[in-house]
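We call the chains A, B, C, D and E, going by the order they appear; numbering starts again at 1 in every chain.
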Amino acid sequence: MSKRVKEILSWYSSDSPGTLANIARLLNHGRLGGTGKLVILPVDQGFEHGPARSFAKNPSGYDPRYHFELAIAAGCNAYAAPLGFLEAGAAEFAGDIPLILKLNNSDSLYGGNDPCPAVTGSVDDALRLGASAIGFTIYPASAARETMYAQIRALSEEAKRKGLAVVVWSYPRGSGISKKGETAVDVVAYAAQIAAQLGAHLIKVKPPTEHIEQDAARKVYESEKIPVATLADRIRHVVQSAFNGRRIVIFSGGEAKGREDVLNEIRGIAEGGGFGSIVGRNSFQRAKADGVALLHDIMDIYSNT
Amino acid sequence: MSKRVKEILSWYSSDSPGTLANIARLLNHGRLGGTGKLVILPVDQGFEHGPARSFAKNPSGYDPRYHFELAIAAGCNAYAAPLGFLEAGAAEFAGDIPLILKLNNSDSLYGGNDPCPAVTGSVDDALRLGASAIGFTIYPASAARETMYAQIRALSEEAKRKGLAVVVWSYPRGSGISKKGETAVDVVAYAAQIAAQLGAHLIKVKPPTEHIEQDAARKVYESEKIPVATLADRIRHVVQSAFNGRRIVIFSGGEAKGREDVLNEIRGIAEGGGFGSIVGRNSFQRAKADGVALLHDIMDIYSNT
Amino acid sequence: MSKRVKEILSWYSSDSPGTLANIARLLNHGRLGGTGKLVILPVDQGFEHGPARSFAKNPSGYDPRYHFELAIAAGCNAYAAPLGFLEAGAAEFAGDIPLILKLNNSDSLYGGNDPCPAVTGSVDDALRLGASAIGFTIYPASAARETMYAQIRALSEEAKRKGLAVVVWSYPRGSGISKKGETAVDVVAYAAQIAAQLGAHLIKVKPPTEHIEQDAARKVYESEKIPVATLADRIRHVVQSAFNGRRIVIFSGGEAKGREDVLNEIRGIAEGGGFGSIVGRNSFQRAKADGVALLHDIMDIYSNT
Amino acid sequence: MSKRVKEILSWYSSDSPGTLANIARLLNHGRLGGTGKLVILPVDQGFEHGPARSFAKNPSGYDPRYHFELAIAAGCNAYAAPLGFLEAGAAEFAGDIPLILKLNNSDSLYGGNDPCPAVTGSVDDALRLGASAIGFTIYPASAARETMYAQIRALSEEAKRKGLAVVVWSYPRGSGISKKGETAVDVVAYAAQIAAQLGAHLIKVKPPTEHIEQDAARKVYESEKIPVATLADRIRHVVQSAFNGRRIVIFSGGEAKGREDVLNEIRGIAEGGGFGSIVGRNSFQRAKADGVALLHDIMDIYSNT
Amino acid sequence: MSKRVKEILSWYSSDSPGTLANIARLLNHGRLGGTGKLVILPVDQGFEHGPARSFAKNPSGYDPRYHFELAIAAGCNAYAAPLGFLEAGAAEFAGDIPLILKLNNSDSLYGGNDPCPAVTGSVDDALRLGASAIGFTIYPASAARETMYAQIRALSEEAKRKGLAVVVWSYPRGSGISKKGETAVDVVAYAAQIAAQLGAHLIKVKPPTEHIEQDAARKVYESEKIPVATLADRIRHVVQSAFNGRRIVIFSGGEAKGREDVLNEIRGIAEGGGFGSIVGRNSFQRAKADGVALLHDIMDIYSNT
């Protein structure tokens, strides 16, 4: 057990040894094992965006086993997916890689400004499938946010009692903010804080832009001269916003984009002290060798920072 | 146990032997037993559309025993119905044919764009009646979809713990999509994916049309040149969308229609790699001999593909 | 045990001996005992319409014992009432007459188009009071119908496990249909089917009118030439709609009316193969001797058919 | 479904359709399927007598998969074994043969005259493993018999509620009777009666000898001139003692012995109206081909009677 | 994941992915990770024999952290201990080594020939402490064996449902056998079989002697010429007795003894196909460096076989 991992675990001293062991499992697995950094493969896009939009570009991805294989080949710290995808491979790949069972999901067949995902799995499912953590998405700024907060509260309490870790995807979205505001630096920092206050062990947010959404916040950013000019600045601020860096904050990559764009973003995240990335479409929508190569490059950035 | 059935069972390696045995039971019964193909008789129309609309054409169908007899005479893999219909024959026909207890149902006495069926049976009812599986309908695109997803999540977890199989009818419908969109190829493929991610063992969808409903999807179908011109093309795409063919996907026949229309549709489904059909009105609204003959012709198409 | 009662019991072969014994108890008690016909006294109007509207005409009816006495004096098959009325006489008349505990009730102090009665008793109450059956009202066509279906699902499962019979009052009402549609022949037949599919042993509906409410149904009634001209025709159709006559369907008398009107209606029900009547206001709002005499006349019509 | 199986099922009319379906499953599987006769492979000797005594003669039997294969190859109606043996093959052979999970077992490392096996599995284990029935051994004549009766009462109630069948091994043994008395005709008949009264669907007893153990019984056997001279006589009497033949009674083969001895005994059982045999050591302690051949010969005797 | 580990996992196909992942965790950790062999450090002697007898020789062992450190330093596959010892280090060493929570323990302050340990922990304790498995001791041949079998039945069912592995210490002891019989080859083989039939994933027994305890068994060992002359012969027989080698069987080292005696015994176990050793007193009663060195030598023997 590396010093850094020991240090990170010390931040979670209220948690049971079972939960600590599962956090350690996430931190110690794969090519970044022991560095305190994580790169996680998440594949919920089949549910969230539909199969063709998710997998047509690299049709291997229609097969649930592909994503286990990709995460293992790339040496990711963990693989996160909804119930069906995990059930379709958890026995075959048992023990090969830490799993995160995503317990809520939204599809895109019904619009609406104020998303509230359905709960699609349970903590007992996570135990049955051998997952190290549950995953849960909250949408602060949605009119339905309180439903989600209440759900994660109950699920998180149960998960902690049963020795699992809790990963919260905190994505502000809904009628409370503008589209641009979803990635505003004040909003992303706030989202990280909410997830931390809800008791998340790992927090996933989006890389923040320079935009500031809320007037009340803007005044403070200006008066206190909080630096938000570079991505590294903003990441630093978001990590600080999650208990002064005493919670693991990782960043999503978002839509598929060019290789260099991805890597530049990662450099900013790493420089700003981000704990790592969740890389979905940018990995599984590439040919396998390319996806693995890109994930390795991302990991190299983190391990060299 | 045929090689093909063994292969299909291998896709469900996270499930208990009890659930595997019940999936095997569905696959091994009747004239298609062992081929990996299924033709199932579903009769929920009395509840869903009302008795006269369902049974007046062939009044034998008012009697619940008729449908057991029809399914047995035709050599179907299973018979699926709501609680009352199964209770009215499950003892008399115990052991004659695998049963699927449909656990939710909607009637047509109340309209509304966003259906949410009532839960009308339990997993323990399924055990008591000797059913091999529970059936459940979800309506993605309904404003109430999250309620349904949450219900099937809980029922499915319980059914799996008790050794039953889970069959999900996935019918997009509601204010999220257009009427035409209900059978759009992108929407049907998405519906199959959602059911698979929710943990269904068998998935029932409608045969898809060439229409594409969602703009975001259309771009991908065009850029990736996903073939959707023929029914077989579209079926192939839908089956691929259900975990690359590693979930059993069967297709409904829809409204009663002419014999040749039915058989042509089946030929397309079979050619595209569909696992079979659920044939309700097209079988029980015909005279018994005709219904059986049509079901046999349908089975012959599947067994010769 | 008469042949006819044996035959009727054979329709419920999925049920436990306890439930069968309670159905037999209902069928074998009173002046119609053994004929397969039933006349039941229901008194829930105090709750549903208020005391004065219900009992002022014949003030004896304010006393809960009166209705036990009336039902016993008339030789009814059973007496059905809400919790309070049964508690007020169940000990005194223990063993005198089969009881049906009505488990949900609505009052008239709050309006609204879409009724959803409150659950006002339990299966354990029914056991404690020595009832042979639970009673439950559903309002198909109400926006709240799914709540009621879910409630009766759970209560019915429990009642069956504990050896009781289940009586469902199926009264379409609510914003899904017109006022006239509440007794339309298509709607009443549909209501009988829904109750049967929900697993009811006895089903109570209203005598249907010639009106047809739903367009989709009208086409079938016309094309299949379903006879609905006489009350007997319509009753026959409703009984057929309840599993081809393999569920006990009885009819309510509705509002108080003239003696001959009542008897004429009964003649139509009997001729059409109805299993009997529930006669409330037309019996207890008359002087006792008159009420008993009318009930006897009604029973005579059934026993002579 | 054959007439004979239908007739047998009619004896269990208090049971749920689920239980009936599982009894049907046992009766309809294998080479004797549909005849109303059963040959079952039971392998609990590893637990009861130890591995070397059970399997050294034919070391293939050390492997749990061997017994599944033997039962399938021989076309037995079912395979019965303790938890560990079923867990070691239930997934691989899911759906291949009905299973009976033996829920209690004794080992031979502790002596004592009054055996009381430990409960080593649960009804939920049976569901999880896809078993059609639970099996349970009672030792009437043991000082601990009431413990066993209480255990099977509770397990049987649960099994019936969950749609399983109940098989009781009824082996009088203990300080209440002599060693010779364990197979005395009065005692075996009594054991069959006890199992039937405890609610067993299938009853397994030992072939009775001519010996009569109890004085009180002897008087009746003599005064009523109950024929017990031939094995067929005695089998007839035992079957009569299990509700006049309205419960399925099968007979154990006991210790390994010569082929002709086995077959002669079967002829007596078949002639006396026994429903079949449980054949353990005489099948799995032979080479596989020999075991299968013997089982086939046994089945032929039953199917030709 | 090595081929051998994959092969071993395939023996447990009835288990959930969670349980498989925990078995994999035990097999993949430490210096023997991936070889299919295990060396486990068990420290329950403080409870079983008292502190001075256990720890005075090497007083570091009084400190619960010492045993974590020893197991980690030596690269053991797992560390097994009762509740208190695990609670005293599970947080500090979270994620460092797989843990096995021993759920029952006996102290030596009360004598008696027929031991029955107290249950001193729960499955939920195991989850809370992050253990990969529960451990449980049974004493076949004790008059109280049935109590222990019933306890492990219930604990094992719960552990499997919650995704844990089950390790059974099977130590025949009690008034049913002689002192010498406790390690007799027939008895040890029988003990392994009993644990396997009870559903254990890993089985721990003592190295067997040439003595044969039971007369009925002796006949078979002689007639079937089962080789038991060398330790390797006997180990081979014991492993065969645990489902023909399809269950993981490991051997205890017993009392502290000389280094060469220990290693010679290990050579015999390894040669006979044993899956590994549990080494307690022989490791923690030595100075740490010696203990580690001995454990490494033991591991080397296993990895070179």
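Basically, a residue touches a chain if its C-beta (ideal position, glycine included) is under 8 Å from a C-beta of that chain, and two chains touch if they have at least 3 such contacts.
All values reported here derive from a predicted model rather than from experimental measurement.
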Tell me which chains count as touching both chain D and chain E.
B
Look at the interfaces B-C and A-E and say which one is made up of more C-beta pairs in contact.
B-C
Report the inter-chain centroid distance for chain C and chain E in whole angstrom, where each centroid is the mean of the CA atoms.
67
Using mean C-alpha positions as chain centres, tell me how far chain A is from chain B in Å, no decimals.
35
Centroid spacing, where centroids are CA-atom means, of chain A and chain E in whole angstrom:
40
Residues of chain A that touch at least two other chains are 90-91, 124, 128-129
How would one label the connectivity among the chains shown: line, ring, star, complete, or other?
other
Under the stated contact criterion, what part of chain C meets chain D in this complex?
13-14, 16-17, 161
Quick one: which bits of chain D touch chain E in the complex? Just the residue numbers, please.
46-47, 49-53, 56-57, 59, 62-64, 82-88, 90-92, 105, 107-112, 116-122, 124-125, 128-129
Footprint of chain E on chain A - complex, ascending
1, 5, 9, 13, 16-25, 27-28, 90-91, 94-96, 124, 127-131, 161-163
In the complex of these two chains, what residues of chain E are touching chain D?
11-15, 140-143, 145-147, 149-150, 153-154, 157, 172, 174-177, 186-187, 189-194, 196-200, 214, 216-217, 220-221, 224, 226, 237, 240-241, 243-244, 246-247
